[in-house]
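Multiple structures follow.
Two complexes follow with chain A in common, the first pairing it with chain B and the second with chain C.
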Partner chain A sequence: MSTKQDDELAQERLVELAAEFYDQFAAGEVPHMDIPTRTKSNIVFDEESKVWVYGDRTSTRSANSVRGARKLLKAAYAIEFLVNQLEESRSSTLRELYYLSESWDNEEAQFNSQDESNQLIEDLEIVSKVTREDFHMRPEESGATLMGPLELREQTRRGEREIHCQKDVGEGGYQIPNNPDTIDFLDHDIDFVLCVETGGMRDRLVENGFDEEYNCLVVHLKGQPARATRRITKRLHDELSLPVVVFTDGDPWSYRIYGSVAYGSIKSAHLSEYLATPEARFVGIQPEDIVEYDLPTDPLADSDVNALESELEDPRFQTDYWTEQIELQLDLEKKAEQQALASRGLDFVTDTYLPERLSTMGVL
Partner chain B sequence: MTSIQSTLGEDDGGGIAEELAEGQRAISIAEFFEKNKHMLGFDSGARGLVTAVKEAVDNALDATEEAGIKPDISIEIRESGDYYTLIVEDNGPGITREQIPKVFGKLLYGSRFHAREQSRGQQGIGISAAVLYSQLTSGKPAKITSRTQRSERAQYFELIIDTDTNEPEIQVEEERAPGESELSPTHGTRIEMEMEANMRARQQLHDYVKHTAVVNPHARLVLDEPGLDEPRRYERVEGASLPAETEEIRPHPHGVELGTLLKMLTATESYSVSGFLQEEFTRVGSKTADKVLNNFRDRHFGREMGWSVPRSADVDVESAVEDAVANKGAAATATFAERVADALESRERTTHADVTEIVDTVAEDVEDEFETTFGQTVRENAVEAGWDALRTDLVSDLYALVDDATSTRKDDATISGIAERLADKFRDGDPRHRATRDTVRDYVDRSAEFVVSEDVSFGDTARENVVEALWGAMRTVPDDPPKVRAVADDRDVASELLEAMRETDILAPPTNCLSPITAELVEAGLKKEFDADFYAAASRDAEVHGGDPFVVEAGIAYGGELEDGTVDLLRFANRVPLVYQRGACATTDVVKQIGWRNYGLDQPGGSGMPNGPAVVMIHVASTNVPFTSESKDAIANIPAIEDEIELAIREAARDLKSYLNKRRSMQKRRKKQDVLGTILPEMADKLSEVTGRPRPNIDGALARIMNNVSVERDVDGDSVTLVVENHSDRAETPEITDIVSAEPGDLPDGVSVVDLDDEWFISWEPSIPAGETAELTYTVSGDAEFDVDVDGIETEKLTINA
Partner chain C sequence: MSTKQDDELAQERLVELAAEFYDQFAAGEVPHMDIPTRTKSNIVFDEESKVWVYGDRTSTRSANSVRGARKLLKAAYAIEFLVNQLEESRSSTLRELYYLSESWDNEEAQFNSQDESNQLIEDLEIVSKVTREDFHMRPEESGATLMGPLELREQTRRGEREIHCQKDVGEGGYQIPNNPDTIDFLDHDIDFVLCVETGGMRDRLVENGFDEEYNCLVVHLKGQPARATRRITKRLHDELSLPVVVFTDGDPWSYRIYGSVAYGSIKSAHLSEYLATPEARFVGIQPEDIVEYDLPTDPLADSDVNALESELEDPRFQTDYWTEQIELQLDLEKKAEQQALASRGLDFVTDTYLPERLSTMGVL
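For the complex of A and B:
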């Protein structure tokens, strides 16, 4: 759990934000807050931290319009809620906040959708420079897991637990908590961290004993990885100096999964420094693997083509490697799933594909 | 019919014709209308009554206005057994004893028919038709009482119309003293008619009277009818003056037809066409007459084509002219030839007429200098020589003209080809190279025909351009136009004159023959009879149709107590409401084809009558309103009038649009202010809870958001400051009245104070540019109370916190 100091800081920042609105009112100004524009066109590469962060463009949430005024009213209610929650040392999920707003006395302040409340929490994170974990707001458990030779200590609500992520866990592995900063790494025998997109592939690797054979920590991303998953990956890399590789399907959506692990996501670029692992490398499935291993494929849908083209313009993918791969895929007009490797036998991925790829990459 | 005729004819020579002739006789106009009542609007009992009221009231209005009296008209309808009695009484000048029978007892008797002047009645049918209708249905005579302004006694008549002769038949004639007479005003006319009728058209009757009141704001009308608790009164608009007096005008040159023109030409005393035009038409002075005459010349004589002197060496104008002159002395001849040659060579283009003029001028100069005479023959020879020189190379000049007039895609061979053929046509044509426009067109067509082949095209546009270029280069001839007598005798020439008149731009006819209601009074009339939120009116400038000037006016009333649904259309012609045949009326057609959605009214399907709580009124005033029938119910679809109707409606509708837009934006603003007015205080409350500070004042922020003008008061001890901030995007001039319960002091200049029963009214009218602030500071002792009142700014745009 977060420290008392963090809670106080978060509370202080929230009250400061409220005071800012208050002062704007008192001065006869229109209350407003400026927030970096959260779009692809407003992220820039930060040379120092090697991650993508927001650029200079800002959007204004202002009471000048009825819509803007409603947003700020909701912000005021949310601030009060968060301050009280911190005071009482409780926590809640984003979804709970959405439903909780229903109980507020003012209908105008209630959220219309969870997207709206999520977005507001992100806004508050950005302007107060406090993460939502420090607001004690958590997402639903994403269910992402770890499996591999790692021993750690987790501070749970029911006391400290020491867990070995191979020996003390079942087939499912160790479930990553919402705030991975409550974990201390005790000991490990890991050579590298392998992030896997799909559950099927993760299970295949575990069943084939890949983690044991190669001293590898298998992180199950479960699709687009949650913040906690990205955070723990970053900590594994930074604190234990472990190489990180990402293994996904061979389609544009999966490249974005890699992108958010390595470069940070557009929606949370304000936290890139805290979440992104710029050194993470992409294993596959690469478009060139489709050719090389003659994998069974699906044709690209129109939406896939659009997504690929949009990635060509995405500042995060402006590297020779990605340009080459994406253009190749546009030529091939094909995509392949991780499980497509099974067409060469169930052991092909652990016996041939991964060892070959990882050797080429110099990880093995 | 034909077959019977022929069979009968075979049997018995011409006998049948004689037999038939016995049954053939002239029909009196009264007899004709007896059988065709519907043509005058008397088709049914219900409608007959409305029409009779209408005719009587129109007459009354015309009579009073003409005498410069503000009309006071009462209409009374009484049930009398199986019949209805209609009584209409006015305070007009009265009618003389001799005239009364003719006015009421003879169809087509009137003072209006021949005058080009706006009036309600035109043909002199209306009131006598009503008399006729009453006598036909009830068998009773019409009773007329009239007293002229100077007379002590009133004239009383009972008369019917003899339908065989269309002459009044007087049954009773008396002179009555004021006491005996039923006429209430000291002068005026009263008509009483009994007729078969019913009140089924009550709505139309009410509409007619109400609408009459709208367009005659200077009149007072009273309507009493069975079933009304008390008479309906339509008061006059305060200060509404009588319509401007109208004057008769002469016809306008754009509005006559050939037959009329010929009649006028025969009747005129003028000798020259120019005199005729200036004498008999309006808006024609000597300048305009000249313009018409030039156009007339162009049509009658054609224009002359001019040429340049060829640049080639083998054309020597000087020696040619010199050779043409004989026996005038070497020096004089040389000088003459040189000057003529110089003049011709310096000109870009010279026509035969120009050459003649140049030769004449030079000849006269040389005659003076050398004291010799250049006679007619010599001059003619010189002209001939000069003209011959000019004519040597037509092709180059024509080439230049055709080349200019055609697109660059035409190749050289085509253009030279056309130029050569055209040169032939001019050479073969009139020796002075005169041609009318039609002839030129013919030249061009024939030349083009010759050149056109599979590869070469020379289409209509190209031809028209060439004609235009040639015609533009040609000059009007100086010949005297034919005299009036000659024109009158020759239909073709008269038709040329008519075309010339129509072609010439002439000022629109004067409008003093019209008396439009004016936009101001249209609005006042609508305000008087309709309780709406918004009124707009437009009065167009006069236009002309068929020589008759006309003015179109439109008005719109919107909102308020007006009923939602299809928009009500009020139609008027010369201040007379049109009640029937709305569907056949040009005004209706125009209203239906306007896209009302553009103006903020609902219009299902984008055409047809619009919907909304609105009244649209259209008034067409003219010296001769073109109606679709004698009953004068609908205006005919004349394009010129329809255009003006459309423009007038659109003008008024534009005002409606901006009103509706403003209203909508005010509604939106009010809604926004309402929503923000609840959201922002709640936000402020939350913020004060979170920060633990007192609730902040949000008025400033709210005023700024709403771009409002905010008025705030700061009281600091004895010093009071009113702060006005203008957050809007334009300058504002609020009228601020601060009511103080103690006497204020130290007021700056320009701010006045009035003491009323121990309350002091401070009036301050600051002018504040957009985005700026104005302050008023004064002193007041102790615990004074304040109350501020702000005018001159819409309440929606005002935030007061004082």
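For the complex of A and C:
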């Protein structure tokens, strides 16, 4: 969890960055900062760790141009802000940082757009090897929830809260905080973690008591999952040695949701180690389920076909399993939603579909 | 809260609808159903109750055409499904109902699109005067949260849960269930209810302890609020006699968010009594705040200007206050976000802006 040590480490790393500028000035060098090049060509899928990582190429931000000097000035101001924020045990959102820069005394240091401040925070994450969460920068929304036999302790700024994610919460479940590293896992009876794309399906599983019957922790992904949701999923896997399975709609956009849980994204390759769970497995809806369970479908749109074809090229989906499923879907020309299982009755998903699929996968 | 009596009442009303068809058949009449006409011309803003209501015009759905007969057949099947669902204390989503119809024995009764099933449920709400929630139809998402000095009891299908919305929850707060009528308010120290549009601002208020310092209950609206969020806001106002204030961005879309909390929407005029809180008041960001607090702004887009102009015609905004503010904004040609207050420092909103505004309004 996020401790005083983490805060101090984050401060230290940030101050080191500023100290480098100082040393460069002192040595008569033009100040500069090296960061990994963040273009697609410098991001590779590491076959061993099964996540995206940066290659060896770096770019240099140097004060040898006005534009470059301004970037380093902004970095220095942002570092000062973050160090103060950590010292005061405060936090802020990315958007607040953007607006806050208007209060800085040097107008040249102020951000012109939120893209610029967001980008700078990502650069600082990469160079300092400290995550945004450990800078105490919050996203605008976290939003996802947990329901299942897990007892945890959350360190809030109002003291510790011990919460059982079935017994101490309403039907809405336990709301994951922005920084899930404030959570300690105390005790659990979880056999596996089930990440679910849609709210409708999450509610179905909870109403049918699937979490109780199968000792599973239901993690609501809410579409493309927030960093907090991916982080806690990874921690559940790593720290509690729990299998993680992902249950989404049966279309290419949902396979990408699975991909971001399992392998991370190109955009945040520097965070793969922190967020990705390469051992996470896909339950469905599989294209073959459309046939096997005779599900109601919609035809593939052109954009679906394009997305499927680009997944065939995506290193994350270079397995026999995915090639077969995606090619089958291109043949079928159909897609199906999770909730299409309701065409076989409201209990079909919990009485038949998931038990069958999870047994086949060896999870049950 | 939703009790066995509510369930029985809902069943009774639904069965009465079906019984009407039966009586019509028995009397040799062509079966039919009268519902208020749901066009804009038949929806009026009731000046006295300050909410949208239907006018006197009704439309008749009659089995005197194949199309009309099919509609009534679908209604009959849906009624049977809902009555069974209530008998079994189950619930389902609108999307599940759409898919579930594929399992019905009569193909003519199956829905062709989710629009069709959604529309039917709205018709049944209007005719039976029972809300969708009391049919146990869930939305896809509820999502909003509460944080503040409120102790409540939620009736879940796993038993009762007593939860204090500060002491028993993490920083994420208490997740409002899909049907907030399963909640009883037990005890509270709330002086006023503060509904907040964005997650970033909600987190700022909680981090700064605004709910503790001012005894306020922070309700996160998450943009355009879900029915569950509007319902619980209304109940807090009506049952606990609490003032409700709404805090949003300073643009026409956000004034609509305020409008939907306070006055309801044209689309759901039949629900105004259940969802709208006409006494809710607007804190800001007011156009005049942009000037007074010298906030960072964005220029109005054409779509913003059009939306402001249409609000000048909207009966919900026909007050001196709103006319003045909207005309001021059209003059300024600017809009500002809640989080723009951070340009004055992270504590400005809780130390200065909200205390000043709430004092002016007489809430503090």
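Criterion: the second predicted complex is superposed on the first by the 291 of 364 C-alpha atoms of A that agree within 3 Å, B and C clash if a C-alpha of one lies under 4 Å from a C-alpha of the other, contacts with A are read in each partner's own complex, and residues count from 1 in each chain.
In this section, a residue touches a chain if its C-beta (ideal position, glycine included) is under 8 Å from a C-beta of that chain, and two chains touch if they have at least 3 such contacts.
All of these numbers come straight from a predicted model, not from anything done at the bench.
Q: Of the partners chain B and chain C, which touch A:178 in the superposed model: first, second, both, neither?
A: The second partner, chain C, only.
Q: Could you let me know whether more residues of chain A are touched by chain B or by chain C?
A: C
Q: Going by the contact rule set out at the top, does A:96 touch chain B (first), chain C (second), both, or neither?
A: second
Q: According to the stated criteria, A:163 is in contact with first (chain B), second (chain C), both, or neither; which is it?
A: Only chain C; A:163 stays clear of chain B.
Q: Which holds for A:203: it touches chain B only (first), chain C only (second), both, or neither?
A: After superposition on chain A, A:203 lies in contact with chain C alone.
Q: Check whether A:44 is in contact with chain B, with chain C, with both or with neither, and answer first, second, both or neither.
A: In the superposed model, A:44 contacts neither chain B nor chain C.
Q: Should A:301 be classified as contacting the first partner (chain B), the second (chain C), both, or neither?
A: It touches nothing on chain B or chain C.
Q: Tell me which partner A:291 touches in the superposition: chain B (first), chain C (second), both or neither.
A: After superposition on chain A, A:291 lies in contact with neither partner.
Q: Contact-wise, after the overlay, does A:312 reach chain B, chain C, both or neither (first, second, both, neither)?
A: Neither: A:312 stays clear of chain B and chain C.
Q: Regarding the shared-chain residue A:186, is it in contact with chain B (first), chain C (second), both, or neither?
A: The answer is neither, since A:186 touches no partner chain.
Q: So which bits of chain A does chain B touch that chain C touches too?
A: No residue sits in both footprints.
Q: Sort out for me which residues of chain B touch chain A in the complex.
A: Checking each residue of chain B against chain A gives 672, 675-676, 678-680, 682-684, 686-691, 693, 696-701, 703-705.
Q: Which chain A residues qualify as touching chain B in the complex?
A: Of all residues in chain A, those touching chain B are 14-15, 18-19, 21-22, 24-31, 63-64, 66, 69-70, 72-73, 76-77, 79-80, 83, 106, 108-109.
Q: Which of the residues in chain C come into contact with chain A in the complex?
A: It is residues 90-93, 95-97, 99-100, 102-103, 138, 140-143, 145, 154, 156-158, 161, 163, 166-178, 182, 198-200, 203-204, 207, 209, 212, 222, 296, 337, 339-346 of chain C that touch chain A.
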